[in-house]
Structure formats: structure tokens, C-alpha cells
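Right after this note come the structures.
Shared chain: subunit A. Partners: subunit B in the first complex, subunit C in the second.
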Partner chain A sequence: MELEKTWADIISTVEFNHTGELLATGDKGGRVVIFQREQESKNQVHRRGEYNVYSTFQSHEPEFDYLKSLEIEEKINKIRWLPQQNAAYFLLSTNDKTVKLWKVSERDKRPEGYNLKDEEGRLRDPATITTLRVPVLRPMDLMVEATPRRVFANAHTYHINSISVNSDYETYMSADDLRINLWNFEITNQSFNIVDIKPANMEELTEVITAAEFHPHHCNSFVYSSSKGTIRLCDMRASALCDRHSKFFEEPEDPSNRSFFSEIISSISDVKFSHSGRYIMTRDYLTVKVWDLNMENRPIETYQVHDYLRSKLCSLYENDCIFDKFECVWNGSDSVIMTGSYNNFFRMFDRNTKRDVTLEASRENSKPRAILKPRKVCVGGKRRKDEISVDSLDFSKKILHTAWHPSENIIAVAATNNLYIFQDKVN
Partner chain B sequence: MGTMFARGLKRKSAEDGEDVEGGLAGAQAMPSYSLQRQSLLDMSLVKLQLCHMLVEPNLCRSVLIANTVRQIQEEMAQDGTWRVVAPQAAGRAPLDRLVSTDILCRSVREQEGERPAPDAGDGHTPDLVPGLATVPSAQALRNPQSSLWEVDSSRENRGGFQKSLDQIFETLENKTSGSVEELFADVDSSYYDLDAVLTGMVGSTQSGHGSGLQAFSPATAAPPSSSCRSDLGELDHAVEILVET
Partner chain C sequence: MEFKLEAHRIVSISLGKIYNSRVQRGGIKLHKNLLVSLVLRSARQVYLSDPCPGLYLAGPAGSPAVPPPQPGEPAAGPPAGWGEPPPPAAGAAWPEIEPQPERPADPATPRAGDAEPGAPMTGAGETVRGGEVEAAEAAWRRVEGPREAAEGGAGGPAGGSDGFPEGLREARRHCGCPPGAADRPGPLGACPRVDCCCAPRPAEDEPPAPPAVGPRKRGAAGVGGGPAPGSSPLKKPRRNSEEQSGGAAEEEEEEEMETGNVANLISIFGSSFSGLLRKSPGGGREEGEGEESGPEAAEPGQICCDKPVLRDINPWSTAIVAF
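And then the complex of A and B:
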């Protein structure tokens, strides 16, 4: 079935929950769609669990800020799951200004036999009620409902780019271009400002916050990245306002490589802690870098995502592609990292073997159960049969959002308004 | 593919801001580093304006573009190429579009041979002007050390369209209702035809050096040539806005 592409269906975030059982996507239309993995049936042991739609709901609506005469987009920027503590699932979803906590729960029973209502729910005439009976719970078709439990609003002047749940499971942070706020899940009418890089005089602004994340195990520690290619590690125990960092990660610039676009391509679009908490990974326009928390002066690994774009930077600046914000993800064991590129390509780098692969997420190239064929971009000279030349790349097909199952080799890749889920081949 | 042309350019005198090389027959003319840099500056300034849509502008993008503008202007100040040029300077055929800017993408080392020599011409101090001058009359030049964001005293002379960078950030900071409309009050949507705009801008930078100011002067000052784009009517309209008739 060929779906018509609509702007509102463009996927803007993808995230597995902590067990990998659920996969959530958010789109530009403010909707959240949650997929659930099928339980592997006993009869078909070799049939891997597929992901089917579990719940769909409208998380955010477009708003109009009358004071500033500006629209507030309903686009979901990020979704983050809370660890599961009971039968219900909880997730945070955010647009540019407001974070919401959603509860997703199942209902498979319904009460029947009300006194005051008839079977269709209409009120009965009290004069006809002559007996008292207790409603009984009877099974019904499974219904999944999503309800907003908290709305965290009015705390961000600038656009929220990140949310991150703390390992204490009681607090989370939201980061915009200039500030980071700490919230308690139970309290919606106030938040605590922990980072503020807004200059007293806005005319002096030269750097913004681009991403932020809590340490996976140390609830006092978090990192945030900037548009100048720097990462700061902060400790909330040191001071209330974490304007002074504990650690400052920056790679010295190579003066021979400097151009007018050097700063733009050094801007970090995503920062992610490894599952172990020992490393951070950053994504800038052309590379992915892995940093050891104990070494601030340079990354320990640098991977070229699409270096063939280096000579095209001016065109990419002209068409604004140079400002695309690509995300990056770790696999469950922190041995492989993945990030997206153009032409619906995405790249995986094995940190141990140093091998890398380019794959394509497209309807034409993937039928169910088919094996993905590695792709190659030809940078000059003779183009081999299967290669694609740099000038043929489609820059409107960008893979900005990907996710990796927390423990298995299952990945989710968002290509504009299509979601692809790839799994390891079953032997 | 652009390297052949680039090599030819390296040997060419950098004084001449133009690029049309008879020697590179049959190929698209590669503009000089100066001209490309100027194009980049023009494009950046337009981008900063265009980002004020109905939705709040992307602050990260604005900051990165503004930093790029500052870099270019600082380099132009060092070169001594930043100076006032008489707006009526006529010239040759304007470039049709923003051509391959291969040179700009290359590293500093590679560019060394191509950058214009510091201008010892008319004794002007290489001053920085907050980049958005529109009025063809001579602008008060400012000290290159002055902040990019400083308000220019001659701002009231400018066309309503051109706001300085600091105003953009001020707008983000203290929005009053209608401030965004203010920024766009004089802009017609036809202005967003980037090609038409850049044709007019680049077309008027005939002297190459110091053409930052001239870039925004009315395109009618530069005589149209046969290679101009056919939608001059649209360009005239944009020009009216710039001059704030």
C-alpha cells in the first residue's frame, strides 16, 4: 500500500523502552505511535517477534503564543521512556515548549451490571430500579489507552532539544538552547534551573546548547553539548547552578582544515552516554566521535560518516542541509554505533573490528525477510556498478533518527515518514 | 571536477575580482575567492532574515550563521577589502547563480594562493560595518574591533527590510507582539526567490573588493545585461522594498 507522504507524518523521534518490548515514534503532527513486539509463540519458535501498532495518541497540539505572535509547533522533538514499575507504561514526550508525562495502560475487562445505567450506558429511570446489584468485571477486547498524567509547561523560553530521565527515576531534565531545567515528576508548577548560558546581553550570544543527557548510573552527573563542538560534564553536587563544569571536552581544531564552515560542522547535534557510563558519543555534521570520560582533550575514536560531503559544504550551507541534526545510538553492548546520513543511508561502525557498513532504508531495497545489501558511495573516478555517486545522492531523504534495541540486534530507522525495523537474520 | 579550474585560478592575479577566464573555455566560469566569499556573506545575511517565519526561528541555526558572517567580515577587514565603493560602478555580466563554491570549501592552506592581497589602494582603514547596509550613500565605517552586534547610528537610513544582527537577537529576547511582523513589514514574499535576489546582489558586485555595501544597493544601479535572469520584474519589486520608497 503506497501511502501519500504528508508533512505531519514525518517521524521526528524514535525510542525503544528499557526492555525493548515497546518502540515509540513521534511525528511532526504531534502524534505518538507505540509499537509492541509480538510474543514469540511456542509453535513458531523461529519466528521472531514483529512489532505491531499498540497505541496511537495525539500528544501535542499546535499552539499560538499570543504574547509573541508566534506559533508553537506540535512536532514531537523527543520521547523518553521511564523504567517500568507496574503494569502501566510511562513515557515523556516533548515539543518545543512543553513536556508531558503519558501513561499507557491496558484495559481488558469492563464492569457490567450497573444499577443506575442500562447496558448502553443510558441512565435508567429511578422509578424502575427495584433491586441492588454489584457490577461485575467481565473480559473485553483489549484496549490500550493513553492518558496525560502530568504537563510540565511554561519553563522554557527557547526551544527544547532534549529530555533525559535521571537514574533516580524521580527527576528528569529538559534542555533548551540556553537553559537546562531539572524537574521532579510529581511537581509540574516549578522546575529548578541547573544550567543557564544566556548572556546578559543577547548581542553577545555565540554559542547554544544542542543536547543534554543524564549519566546512566550517577544521578548527580550529566553532560551537555554545544554548537561550538564542546561537551561539558556537570556535577549537581558541586553547586546549585551548574554553570561551572567538572569536565570540558573539546578537540583542538586542526588549523590546516579550517574554512568558513568549520564551526558549523563542528556543532554537535547529539550526545549519548554509553550503556556502561564510561564513554560519551557525539555526532557532528561529518563525524561520530567517542570520548572517554577520563580524557578531555580529544576523542578516543573518530568515525567518518560521509566525508565526501566535505567538498560540498557550501552547497549544503545554501540548501540548509548543513544544519541537519543527526542523532547517534549505541548498541546494547556498546560495541557498535549507528547514525544516519542522506539518501536514506545509515551507517554502522564496529568499535572493535573497526569495520563499518552503509545500509539503505528504502521500500525498493527491502522486502520482508530480505537481507540488506551494503551500499557504497563513489567519490570520484570510475563508478562501479553498484555504487552511487555523490552527485546522485538525494539530500531530501535524510535519516536523522534511529534507535537500537537495548539488548538485541534490532534497529529502528526513521526515513522521513516511514519507519523501518531491521533484525538480525535468524539462523 | 572543479580542481582543474581552481588550479588555473591560482595562477591568476587576485587583483582582478572577476573570474571569467578565456583560458577555461567550454567550462562554467569559476569566480574568484573574493567573489565567492562575498556571495557567501550575502547568502548568510539573507538566511538570517529568512529564518523569521511564523514559528520562532531556530536559534542554533541563527547563531551559527551569524558567527559565519562575523568570520567573513573579520577576514575581509584583514584583507583590507572592506571599503566603500561608489554604487554606480557598472560592470560586466552578473553571475547567473551561486556557482560552485569549491574554493570556499577548501582549507586555508589551499586557499593561500588565491586570497586577495591587502588593499593598499585609497588609504581607507579596513573598517567593519555591520553587514546590512542598504543605502548607496557612503556609510559610516566602524572600527573592526567593534562588536558585530552594535547598533549602527545610520540605521535609520536603511531600508526597513535590513535589520542588524543585534536586532534579530533582541527580537528573540524581548518579543512584543507584532515585532516579528515589524521585521517582515516591508518584505514581500517574492523576495524569497533567492536566485533572483542573489542575481541582483552578485550582479552589482562588479568591482569585487569592498562590495559588501554595494551588495545591497538597488539592482537598478547595475545595468541589466543579456545574461540577467528574465524575471527582472520580480527583482525590481524586491528593489523597491530595499530602498523603502
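And then the complex of A and C:
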């Protein structure tokens, strides 16, 4: 039975926290749902911890900018976790204009025994109170509450596409189409602009910022990708405004592949540092590329995600699919990379063995303990039994957002409004 | 020919996307519009460089490799792969270098601006209505006399939006001429053969147009009659909105989103091209009154469609209007 899909339930971002214990999702309705991995019990040693809903809260609401007559969507564009420093969890969530810092904490005790109020909560007449009772903490059912601790607003004219927490854990950056701002977590009424590519004359605009991320270890370095398929590495020590890059990564275009849509498909939709900090991975419409930070003139690896779409670009342009922004992720050891495709397919590439696999996130093959069967797209000629032809692909089922557990082989795959969590088979 | 149709189709689709982006929730998405404008520019180049039906060899479907619009070069020839985008001077140089057969020119082909002083496009940001868009899109599939649209006045949205897509009617003529040729003297009556059914009609109520025949004659000056009257109505509302937003924009922290103006786009297509061939940064549009010159000029946040393409589109309108 096909459940009716609500637009607001469409998942727009997925992110594990640094330990992998928590998994956060954001949706188009502005909500954040956090899953927590259940502790492995001693009784069932071989039962891997499953993820259950831990907390749900409304992070952003739709807003209306009266001055500009423009509605601000509540869709959560990105969630990024802060490293855990105490019992509470902290995450950043952002929509197009406003970043918020949320504190997610547990409460399992409550104070009881106040005698200043009666049972209904009304203040008692002071004249009737003869003693002052100190309330005691009594256990209660676990309650997880999320509170907004900081709201970082009014710093972006254009739509925020990325946020990234710095390795110093004191600052983070937010990037929109033309600017990147650096924030201190404690200060909400100011941010530093560190990148500004807005031309003096907007008519001369040729590229926009599409994604940005801090280096995982070097708090002074970050990268940002552009709609022209380039990546710039910047060093904040060099100058206050990092308009001049330290490194510029660009691959020369292959002239034989030129088409009306060359520019669109070269636009980078996501950029991610490897955990090691030595590589960056970029995703454009048809490929995933791995770049070595020490080599700027071309990527060291290029993986075709769904090259069979190259001949269909015009149709994909018409139905807007060509503008889909796929994300990409590294596994914990940087040996495998994963990204999504259409028809609820997602792809994994093993960088060492050079093997790749296509899997599908669907209800049919997602019964618990079921093993995912590799899928194959038939690009021409005879279609084998299990293959699916390009024309049968469902382009409304796209996997844009995926996440990989930081240390284990557990992946989270968002397929429209469904979240699939897959784990490695335990032998 | 195949490429020309393909390019034309892509231009229509692209303009539709830009148009629709105005009503999208969340405001105009700069990135997407930039990409669309790049496609628009590419398609325009192809369209304008494709000389005549039948002169091109078929290429791979979906990604036609067409000769670049090399100035002065005969347009016919086997697909040679993608070429360089035309030099910035191409815009201004159109009248001289255009080797292609003329499109019937109707400089004063009624456009949104021309027809209605209070044309809805003026509201560009504020008065976008879904109906407008629908009307525009519907218009693209109908063949309409420009007169109707123009005078059309069909008051409000219809009039304005009809003006917009006029250049992009998708009527197919059996003579094989590009769409839209038959019905009006307006844009896209790209029919080089004088004897074909797509003979352009003479403009009726419009200011006198340059001679309709004369394939090589595409005079920017000649068709410059239109824009002035056409543009004024559009200019006013833009100024108004600029004033409104100017105050707010003065506050540093309230920077307006830089927005292009789809009304400009419409007027570009709608009007002829005096001033449109300027390639100076502020130019390209007769409303080059500094609308891109910073936040003050921004419309209340509706559109951020200022792209170089809008300047590039001018030669496009030149092409479709000139004759």
C-alpha cells in the first residue's frame, strides 16, 4: 500500500553525530527528527543496535520577509552536529536564512514537593503557608527536550546552502550563493564575512558558491565549491577576506562532451573532506570525483554515477531533474564513497578495489535482515532479467541525502520521505 | 534545422523556468536561475547560428553539436563541436556580422510594455500572479496575433504575459519555417523564403518598421522605434519599486537581494533594441538605469535574475525582431 506522501515530510538532510550514536534528519516542513541507537544488550550480543526516534522538534517555521515580499521556506537545508562536550547534545540546523543552535538534553528527574502552589498550580495564599519545603528530585519518565540556544539570523541575503563546524569547536561557517560568514557560537548578532564573490555589477555574475566545508583538522582552512565545477581552498590566516584562494582545483573540460547543459552538469552540488583531511570529494550531476589537496589540476579519481543519463539531459532539464543536488559521503576509513541516484538507487564506490555497486532503497527489499541485492541499469541492447532499463527509471524517486556512520558500516539513506538505515551483515 | 528547433525549444523552456521562478516559494533561487541563463545563452547562440533549415547535418539527439556563431563565417557546415561563446562584442556587432537570413522584424511588435502602461510586468516582483504564468505558458502553445496580445490589452496579466512569450510561439508551420513565423511580423518569423506561407504581416498599429525583406539587413537603428514608448511604462514601476526598496536598502544590514527584473526580460523580448545592443555593464537594457547598481536598485526581493545573459539576450531579441 502506497502511503500518501506529504510534501512536508520529505527529508532534506541526514547527518550522524560524531560517535554515530545519534542520527538527525531534517525535512521540508522544518522539523528535525533525531534517532538514537539503542544500546546493545548483553542478552542479544549479536543484535546490532537499532535506531529509534529519540527526539522530534520544530526547528524552523516559515517566515515572511515583508520588506522584500518574499517567503522564507522552513525547509531544513543542513544539520551539523557539534562534538559532545557534556551530557547534552548540540546541533546546528539551518534553513535558507537562519541558523539555529539546538540543545538536546534528557531529563529523567523532576523536582517535587513545592508547597507554594496548590495541586492545580495556583499560588496559595501566603498567609496559609507556615513552612518552606525544599523540593526533592524524583525520577520520572525519560523526557528528551530540545531548546534553541542560539539563533543566528539576518546575515545572509542569499540562500544558505552549507554550514560547517570548525575543528576549534568555537566557530562555524555558513555559506550562501555569494558569501560565506564565520560565526562564533556565543555571538549571534555578528558574523565575519570571509568570502564574498558578489560582483560589483550583478550582470557580471558567472558563478555562485554551492557548498563549503572546514578542514577536519586545520581550523584555518576550508574549501568551497562553485557552480562552475571548481573548488577553492582558503586559508583564513592569509587575510581577513578570503577572496583569494590558496589552492584552486579545476579539471579542464572535455570538449567532446560539450552540450547545452555542460555548465549545469559541471556545477558541484556537494564537497566533503575525507576524514583524513588529505582528500576532498565533489559531486556534480553525473560523477563523483576525489581530489588530492596536493594536486590542483585534476582529480585523482572520477566515478561515473549514472552516465547513461548523459543522453537524456534535455529531458532532465525540462523536468528540472538536472538541478537536483546530490550529496556524497565518505565511509569512516575513507575507503568507500557513496552517493545517490534516481529510482531510489544509491551507489557505492570502493576506492581500493575499484569495485562499485548499485543498491536500491525500497520497501520491497528492506525487510529487516534482508540483504540488499545489487541492481543494474541496462543502458542498451538486451535487457537482462534483473536489469532495469533507463527509460523505466523513476526520476521522482531520488536519493539526494545519505550519511555514513563515522566508524561502522551503517548507512542512512533518505528516499523522499522515507529514511532507510542499512547495516553491515553480521556473520 | 533540427538544432534550431531544439535550441528554440530550450529557449522556451528556459524562459519558462525563469518566469516560473518568480512565483516559487522561497524566493528566486540565484543558482538555478544562473544555470538556466547559461543554457539560455547557449541555446540562443545555437539558434542564431543555425542559418537555414536543412543545412545542418543531424547530430546526436539531445546534445546537438552545432557550429559556434563565428562572426562572418558561413553558417552552413557540419557540426563542428561547440565553439567559444560569442565575444562580448557580439551583441553590438550583430547587425554587421549576422550571416543568417533575417527574421521578419517588427520592431514595434507589441509587447507587454507597449501595450499597457500599467502592464502587470511592471510589478515584476510584487504582482506576479499564477494566472500570469499560466497565460504565458498557454500563449506559448497558441498561435496568436501580436495585435491581440498587444492591444490586448486583455488587461492585466494576459496582456503582459502574452507579450512576453510572443517571441517564442511554438507554432509549427508546414513550410518548415521556425515556429511563429506565420502569424505575425514579430519574432521568430524566421522564414528566409519570401514565397513561403510565413510571410510576415505588416505591422498595423505599430510605428513603421524597417522593410520586411532584406535578409542581411538587420539594423539595430532601424528597428529602434519600438522600445522607447514601450519601455517607459516599465521604467516607471521599476523606479517606484526602487524608491521603495531604496530606503530599506540604505540600512547596511538590510541588503536587498540583488534581483534582476523579469520585466526587463519581457521588455527585452518585447521591444526592439535601441540601447539593447549596448554592451556596457549598465547597458544591454534600456532600463539600465543602474538597477543592478547595488541593493538600492533591487526589486523587493522577488527576482535575482541579473545575469550577463540578460545582456546576451539582447542580440537574441535583435535577431528575432529584426528583418
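In the analysis below, the second predicted complex is superposed on the first by the 419 of 427 C-alpha atoms of A that agree within 3 Å, B and C clash if a C-alpha of one lies under 4 Å from a C-alpha of the other, contacts with A are read in each partner's own complex, and residues count from 1 in each chain.
Throughout what follows, a residue touches a chain if its C-beta (ideal position, glycine included) is under 8 Å from a C-beta of that chain, and two chains touch if they have at least 3 such contacts.
Computed from a prediction, not measured in an experiment: that's the story for all the values here.
Model built by superposing both complexes on subunit A: subunit B and subunit C clash.
Of the two partner chains, both subunit B and subunit C are touched by A:Leu70.
Look at A:Thr19: by the touch rule set out above, it reaches neither subunit B nor subunit C. In the superposed pair of complexes, A:Ser227 makes contact with subunit B and with subunit C alike.
Applying the stated contact rule after C-alpha superposition, one finds that A:Gln190 touches neither subunit B nor subunit C. When the two complexes are overlaid on their common chain A, residue A:Thr147 makes contact with neither subunit B nor subunit C. In the superposition on chain A, A:Ser276 contacts neither subunit B nor subunit C.
In the superposition on chain A, no contact is made by A:Ser396 with either subunit B or subunit C.
According to the touch criterion, the shared surface of subunit A, contacted by subunit B in one complex and subunit C in the other, consists of residues 67-73, 96, 158-159, 177-178, 202-208, 210, 227, 255-256, 258-261, 263-264, 267, 310-315, 317-318, 320, 323.
By the touch criterion stated above, subunit A contacts subunit B in their complex at residues 66-73, 96, 158-159, 177-178, 202-208, 210, 227, 255-261, 263-264, 267, 310-315, 317-318, 320, 323. Of all residues in subunit B, only 36-37, 40, 43, 47, 54-56, 58-61, 63-64, 66-68, 71-72, 98, 100-102, 104-109, 147, 149-150, 165-166, 169-170, 172-173, 175, 177-181 touch subunit A in the complex they form.
By the touch rule above, subunit C contacts subunit A in their complex via residues 6-7, 10, 13, 17, 25-27, 29-32, 34-35, 38-39, 42-43, 46, 60-65, 81-82, 125-126, 245, 248, 253-258, 260, 281-282, 284, 292-293, 300-302, 304, 306-308, 310-311.
Residues 65, 67-73, 75, 96, 154, 157-159, 161, 177-178, 198, 201-208, 210, 227, 255-256, 258-264, 267, 310-315, 317-318, 320, 323 of subunit A are the ones that touch subunit C when the two sit in their complex.
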